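Chains: A, B and C, in written order; residue numbering restarts at 1 for each.
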Amino acid sequence: MSEIYMPRLSDTMEEGVISSWAKNVGDKVASGDVLVEIETDKAVMEYEAYEDGYLVKQFVSAGDTVPIGAVIGFIGETPDAEAPEPGGAPAAPAASEPEAAPAEEKAAEPAPAPAAGEGAAGAEGPARPRTSPLARRLAKEYGLDIDAIEGSGPKGRIVRADVEAARDRAASGAPEAAAAAPAAAAPAAQAGSEDPRASEELKVSQMRKTIARRMAESKQEAPHFYLRRTIDAEPLKAFRAQINEQLADTGVKVSFNDLIVKAAATTLSAHPEVNRSWEDGRLLQHHRVNVGVAVAIDEGLVVPVLHGTDKATLSDISTRTRELAGKARDGKLKPQDMSGGTFSVSNLGMFGIDSFSAVINTPESAILAVGAMKPTPVVHEGEVAVRNTIALELSVDHRAVDGAVGAAFLKDLAEVLESPMRIIL
Amino acid sequence: MADTAKPKGGGTARNSGGRRRNRSGAAQKIADEQPKVLLDYYRQMLLVRRFEERTAQAYTQARIGGYCHLNLGEEATVVGLMTALKDEDYLFTNYRDHGYAIGKGMSPRRVMAELYGRSTGVSKGWGGSMHMYDTEVRMLGGYGIVGGQLPLATGAALAVSYRGGDEVVMCQMGDGTTNIGAWHESLNIAALWNLPIVFVVINNFTGMGTTVDMSSAEPELHKRGSAFRIEGVKVDGRNVLEVRDAAADLVERARSEQRPFLLEATSYRMKGHSVVDPAKYRTEEQAAEAKDEQNDPVAIFAKQLSDAGVLTDELREEIAASVKEEVADAADFAENSPHPDVSTLFDYTYATPVANESRRMPADPVFAE
Amino acid sequence: MSVITYRQALRDTLRAEMLRDENVFVMGEEIGVFEGSYKITEGLLKEFGEKRVRDTPIAEEGFVGAAVGSAMLGLRPVVELMTINFSLIAIDQIVNHAAKVYGMFGGQTPVPMVIRTPGGGGQQLGATHSQNIELYYSFVPGLKVLAPSTPADAASMFRAAVRDDDPVLFLENLGLYNTKGEVPEGDESVAEIGRAKVTREGTDITLIGYSRMAMVAGQVAERLAEQGISVEVVDLRSLRPLDRETVVESVRKTSCAVICEDDWLTYGIGAEIAASIQEGAFDYLDAPVRRVAMAEVPMPYAKPLETAALPSVESITTAVKETLDAVGRRVG
């Protein structure tokens, strides 16, 4: 005949407790009779029947709590009337599913504004780039030209991540990866070709400007010193072969560079005094080890950063490096992919370079330059033998790291590479 | 003042309203009083008169700023009401409060200094004309918002009652106040909770420019307490003794019976609503009536005292000279008092010091670099 | 520790304060015989009697003003206004009298009183009973405005309010009365008025709220943590004085802020917070400060309309995600 619901008896009530039933199952009920006492959030209240009949079912016992709208009992016409099982969901106010007609479709998204630095529509010179206040402050702090940074925020707003990426790129000497592909805008070469002896001024890309400024800054401000060590690469070669054999099924192939990157990270963990930066007169100790890996691309060179290199497995490093290199070549690196490095590895071995001295990617305090692996006559176990070697050269910022400290690091790194099982242990 | 101003009590004032007074009755009243008390009342009334005249003058000289409402024409009401209160009784008034401040015991010097906005003023220069306040003499404020003082006074009476105290609260207001919500709410609460309070309506027949007839459906204001079963009494505010007796009767009944009463005192505002009000809305007849010596409470009382032989010419001159000197002294004191130091600007925002309280000057940045 | 409701925390604290100081008394509509519209004063009339638990007529101006007057004579009234909507009838006494008496008379008489009143929409109470107008009072020097969001804060801040010598508007919330939280057993702590609290530490973005919205902000933070977003939550707790330092310090750390408020946006409390952030953390902001606030309409009765008009976990989450997207942290 009719269900009895948990009533809403106070304006803040959400659920109620059956304090006690005033009628037992089978009792005759008249409209106005007290059926049940309900404890709300405020008080115990009597709840009366709205109609005559018999209480045929109590679905909720005294002491139990149920939400407003839950069926708690049933009144039937006869004492033995059948009480239907209460439906699944309580008939609570349907607050959650507003059925209002949707407002008319939003107007189409406004067309994106021109990217920052591309100049305003008018002829009055370049528009001021959109920047967040934080980005502007950081750019000033890092000595960066805010106009030279491309923003990744809404409508090209330059945000912190962009500035930090620009700083890191500048420090590594890598060109502006995301700079609007200058390929299309060919240098104005045709014009001044009358005098074949005359030098020709090329259009300087923002990328080139940044490299020029940051490399000059690094060499002028960071007193570099250089440490060299040649390692016996035979064990490394064997180790690599062994690993790749094991990884054959996975499609992952670990390169020598991956091994060197991981070895550098492992050694950095043991030598935190090298994992430091000298910034604005402050010496910062980094607790994370993020190794940047130089990647050659058509426009120049970028240094994507492998965050948490010390914690990553070799296959991780291998996969992520390839991924980042791919993104770099496609111009799809995000600012955060290039920021936060604490150490860099630059490898020119593929060009057959014996060894070289790299410019430090400030504010990092060291960069490892890796030469080509080549067979070399060496003294091995007391005899002259021909073995594969690799020349390593570490450039160190003397403001943050002293000679002996750097030397100890390089010594350990060499030993790790010569007993490569230590790379992964 | 309180020592010499013990009300005689008993004399019911219930039939003392109205313009036509029984002169012989008044003469009898005077004959019943101590000359010393009468002369003291006269001096106080004259002090209020001269003080307010000096205030008007100082206002026109730009020594006093803001709004400025005077008690000119209300001297008998002011002195009559104040002499009905005991020292420990509390007083709340509206913004027309200079005379009451002096009458309740504040020195004219400090009241004038408050008008001048000096740090020696009763409210340290924070209140001005409308906000005379002194906990020492238990005048808990002149209030500038019409009706604002009624709930406060009712609450003060509640505190007295809560503690079982013996004090009475007097709450003064103008005729226009009887139409505001706070009036009805406060009288209801005071009656409901049996609070020892006397509401006093000064009926000068004009709230700013609006007459009582224009604004009150029941223009007999003392009857407006009847909705709350509060007894109301009307008295001629031009006569200091009648006001005193009527007020004293109600104050003492409020004290002994622990319930509220209502007193209406009719009076004439001799000037406009405030110093700057030329009162052009008055008809010639009304203006003449307000200035008529017959309606001037100081003149009326002086004549009564002369007729009774209490106030001789010699005494009159003596009192005039002494009042003049006191007022001049008050003005000098105010003039020579220091302005409050700007460094005290944030001293009175909170009684309990609190974290992050703003002490910013207008041009200060919210965050200093 | 015991876990009790916000309502219970208030009731227990009020009772304890009445036992502690006989100058403390309560008055308001339906607080005695009826035991309070929201049952904060339940049992008090029986325990303390009519003198200290005073049912008033429906006359907010009259009884709030009477509380001011009694406080001027040294009593410590705790006035209950049934909801903050009704405070409008008493606003002259609150703004022109309670807030002025101490300063206007040169610091002679403090006004130690508390006005307890709940705000909050979401109960289908319609346009005149769902407003959050604490802003009106937060605007006024001389008043202190407190808005606790947890049972523990409700207790310690109420204690502070009763013991403070200034008029305090103590904002409660219909949506908080039944919420539960830990309150230390036998806790006697007295909160410091004028202090916000960082209720959850985070690094990516700051969420700012008070009263019910501080609770909702915490729920948003909880949800976003599962997606790897680290949200810092600042509970303002005191609307006057306003603890700008704590807000700004947090935003200097996270560089992004979203303010959640249950009042209307234009001229609202969030506007003041946003203005403070731009002044105190300008060079630290990496994205514009966002405000999530009530839709600017008289609150409708119908549930779907009401739900749509109120800020929610979902709407705040959206604002947070959009803000983080703008600084290069794409979320979910």
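Heads up, the rule we're going with is that a contact is a pair of C-beta atoms (placed from the backbone, for glycine too) under 8 Å apart; a residue touches a chain by one contact, two chains touch by 3 or more.
The structure presented is a predicted model; accordingly, all values stated were derived computationally and were not measured.
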(Q) Using the definition of touching given at the top, classify the network of chains in this structure as line, ring, star, complete or other. (A) line
Q.
Looking only at C-beta pairs that count as contacts, which pair of chains has more of them, B-C or A-C?
A. B-C
Q) Which chain has its C-alpha centre closest to the mean of all protein C-alpha atoms shown? A) C
Q. Using CA atom averages as chain centres, what separation in Å is found between chain A and chain B?
A. 75
Q) In angstrom, rounded to a whole number, how far apart do the mean CA points of chain B and chain C lie? A) 41
(Q) Can you compute the centre-to-centre distance for chain A and chain C, using the mean CA position of each chain? Integer Å is fine. (A) 38
Q | Residues within chain B bordering two or more other chains | A | none
**Q.** Contact footprint of chain A on chain C as seen in their complex
**A.** 5, 7, 35, 38-39, 42, 123, 125, 174-175, 177-178, 255, 282-287, 303-305, 307-308, 325-328
**Q.** Contact set on chain C toward chain B in their complex
**A.** 25, 51, 54, 56-57, 59, 61-75, 77, 92-93, 96-97, 101-112, 141-142, 144, 164-166, 192-195, 238, 241-245, 248, 276, 279-280
Q) Tell me, which parts of chain A touch chain C in their complex? A) 11-12, 14, 41-43, 93-100, 132-137, 152-154, 157, 159-162, 334-336
Q) Inside the complex, what are the residues of chain B that reach chain C? A) 90, 92, 121-127, 131, 133-135, 140-141, 143, 145, 148, 150-160, 162, 181-182, 184-186, 188-189, 192-193, 347-352, 354-358, 365-367
